[in-house]
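In the two assemblies presented below, chain A is common to both, partnered first by chain B and then by chain C.
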Partner chain A sequence: MSAIRRLMHIVNPSVNALLRKPGSNLLNQNFLSNNQSLPSLTSFLGLKTLSPVSRAAKAFPKTPSHQSTVVDTSVDDERTIEEVISKVNSQIENKSHGRLFAIIQLANRQWKITPEDVVVVEGHWPPNVGDSIRLEKVLLVGSSDFTLVGMPLLRPDLVNIQATVVEKRLSHTKTNFKKKRRKQYQRINFYRYQHTMIRINSITLSAVNEKKDLEGVDGRVF
Partner chain B sequence: MSNSHLFLPSGFPRATLGNGIGRYICQLKRITLKFCKERGSSMGMRDFLEHDLVDYASKHPSVVVYVKPRRNRSAVIKAEYCNGEEFWMSTYKMTREEIRKWLELCTTQNDGAEFRFRKMMHTDTPSIQGPWTPFSHRNPELNTASFPHEELSKPVFIPQSATDRLIELFKEQQHTLKSVKEG
Partner chain C sequence: MVFWGSSLFFKFNPNRIYQPGPSKFWRRRRILRMSAHHFGRRRNCYRLALRSVQKALVYSTKARKLRCNDLLKLNGQRLASASEELGTNIRVLRMGLHHANVCLDNHMLADLSIWEPRTFQALSNFAWNNYTSQGLGDIHDLGSPPEGVILRGYKRQ
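Here is the complex of A and B:
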């Protein structure tokens, strides 16, 4: 975080300064120095000629006039990542991260959950009341200080979310009514969805050991 | 939704009495099955009592099951729940399988009331990292900026004017000229 903050300080003023300066500077210099050689340009610019002049002319690079040098910060970044991961790990070990939240995919929908939440799954879903289930498709886990983002999912040995099925019931009666005017056509249907209510019991984390570009997909069926 | 839904009670999902935080407790306490011994409309219920009732009762030890014969009355299920709610339904001419399914519903629901969920989840902790505001993840120098501010008062996007385009063209020319001169 400290490195990012440092970067921000470096980037912001420099960009502003560069944005303001170049217009005036470049204009003054260019107008004055190259004024005398202008007429020769019209012979090939804007016209498709095969003169040796146009062939010798290089294409204008489409880079912004306010170019800036990019500093290689990879070593610094690595150090920052190490530092951040060690801090997260120490919080996980001491259980000082406080309440966690997670984004899970359940029944084709994404939910942001935290312990003691109630989630209602709509439609047919096999788990029965009293079942204790583990929610495995975890996309993200966060606490007040850090966030672990899955690539695309978090590894099952990293995060463990337990839930209990509390209730299975039917929704209220919904009406499906359609009518076409002046066509003697009208249909009415009544239906009720199945609702399964689950209670999130716990979200627990284990230490972050490695950082991969893609993880959490092995041994899973999508 | 139609007019019949106007007076339908609605709200947010709640599990009764914090059910499931520690352990799950079946909310059904008492179930009464009424039937007639002679009528054909109670045949499914009689089949159910004959074949499945003992299984059901042993599977749900926390539920008290009453069976009441009622002469010349259609078969009925009545369920009573922890929160004092009652759920009544007719099983007139229902088959044994149908009755088993409805009884399962009676057992797994918290009460029989029709209820429309306005949202499909409930949380007591809506935000852990703090709710988003227009100032979250912004440069902290905004905090000390004094207004009116020259930079911040500008529009976010200014389209390129004709003058700017001319200047750009001119610079392109200069660059090309330079490259030609260099060879």
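Here is the complex of A and C:
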């Protein structure tokens, strides 16, 4: 009996893998080899495939058996990039982009912010009320038509986010209560921690320039 | 002329024997205030109220940690389903962004997928292309990555 069980253990996973793996779908392979239209069927032997969208996508181009010419598109790509950057720059120059949003790193957390937001920083944080600060760890800035993504940060001469510390106070009292039943163990502790509210005043962009070798490092202290 | 009841007389009697801590009345009142919104006899009967209040405090202490874990899982699920909607999966998305040094976390990516779908789609397409160009893993099942992404000189790191 144990031998049979062991046998089943060996057989079952391989059968399942054969049936469930979308790449080994016999039906699909036939379609692809004949260069016909892709199947709209998303189930095989009653088992659904993982993603209907990915099944509708084109098959991955496998390495051709014969030698083929690779077209060099670098010149066209450069032209496209220049075109896109000039469009973005014209929007920035005319300030025709709408309200910007940004993703920043602040106090070991990431925040998605937009002007006039209030961010509450929890825990000890040195800035005091009335301080105006510049948020420098900007991971992403987006508008309705374009998005600039930092790798990992955007350069400080590209984006400028100004904020003001509005309020600084303690949170509500939190109760930390521990109890073990029938062991005469019970501890109670109360604590409050600092809340610092900062108001995002503005997010401003300057023109996008040519990419430098190492981004977002100049003028920073680590 | 005021007739004080025996309990009040005991409470304010200056000659009574010293007992540390608040009197019985205030000790009970502290618990009963916390049980004011509980149901049934757990609201007014002290012995039942004490039990339910203590259990509630234990729950709230533990839930502070559990809530963080739940939110981590929720963001992971949201990101997985968002990337599957675009034809990729979360592994390709995360690794494609990781190899381009994009440090957005799961929470932010899930937020972008909900509120800024075009930005998220661009990130997803870029990650898929970047992942393919690195030659990472087996993505033959996914199909070819979407066109229109220009990877300018990204090399394996």
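Note that in this section the second predicted complex is superposed on the first by the 143 of 222 C-alpha atoms of A that agree within 3 Å, B and C clash if a C-alpha of one lies under 4 Å from a C-alpha of the other, contacts with A are read in each partner's own complex, and residues count from 1 in each chain.
Please note the rule applied: a residue touches a chain if its C-beta (ideal position, glycine included) is under 8 Å from a C-beta of that chain, and two chains touch if they have at least 3 such contacts.
Every value quoted in this text rests on a predicted model; they were computed, and no experiment measured them.
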Legend entry - Per-residue contact with chain A, leading partner among chain C and chain B: B
Inset, instruction - Please work out whether A:Q110 is in contact with chain B alone, chain C alone, both, or neither, and reply first, second, both or neither. - result: second
Inset, instruction - Report for A:F101: first if it touches chain B alone, second if chain C alone, otherwise both or neither. - result: both
Inset, instruction - Identify the partner contact of A:M151: answer first if only chain B is touched, second if only chain C is, both if each is, neither if none is. - result: second
Inset, instruction - Considering only touches as defined above, state whether A:K87 meets chain B (first), chain C (second), both or neither. - result: neither
Inset, instruction - Considering only the touch criterion stated at the top, classify A:K168 as touching first (chain B), second (chain C), both, or neither. - result: first
Inset, instruction - May I ask you to decide whether A:F177 touches chain B, chain C, both, or neither, giving the answer as first, second, both or neither? - result: both
Inset, instruction - Name the contact category of A:M197: first (chain B only), second (chain C only), both, or neither. - result: first
Legend entry - Which of chain B and chain C A:G142 touches, first, second, both or neither: both
Legend entry - Touching partner for A:R79 - first (chain B), second (chain C), both, neither: neither
Legend entry - On chain A, the residue positions that both chain B and chain C contact, one per complex: 23, 53, 57-58, 60-61, 101, 142, 147, 174-175, 177
Inset, instruction - Going by the contact rule at the top, pick out the chain C residues touching chain A in the complex. - result: 54, 57-58, 60-61, 64, 84-89, 100-105, 107-108, 111-112, 115-116, 118-119, 122-123, 139-144, 150, 152
Inset, instruction - Would you mind writing out the residues of chain B in touch with chain A in their complex? - result: 1-2, 4-5, 8, 13-15, 19-21, 23-24, 26-27, 105, 107-110, 114-117, 120-125, 128-130, 139, 141, 151, 167, 170-181, 183
Legend entry - chain A - residues contacting chain B, complex: 8, 12, 16, 23, 26-27, 30, 34, 37-38, 40-41, 45, 53, 56-58, 60-61, 65, 98-101, 111, 113-114, 116-122, 128-130, 142-144, 147, 164-175, 177, 195, 197-199, 201
Legend entry - Partner chain C, residues of chain A touching it in the complex: 21-23, 50-51, 53-54, 57-62, 77, 80-81, 101, 103, 105, 110, 112, 139-140, 142, 147, 149-152, 174-179, 186, 188, 211
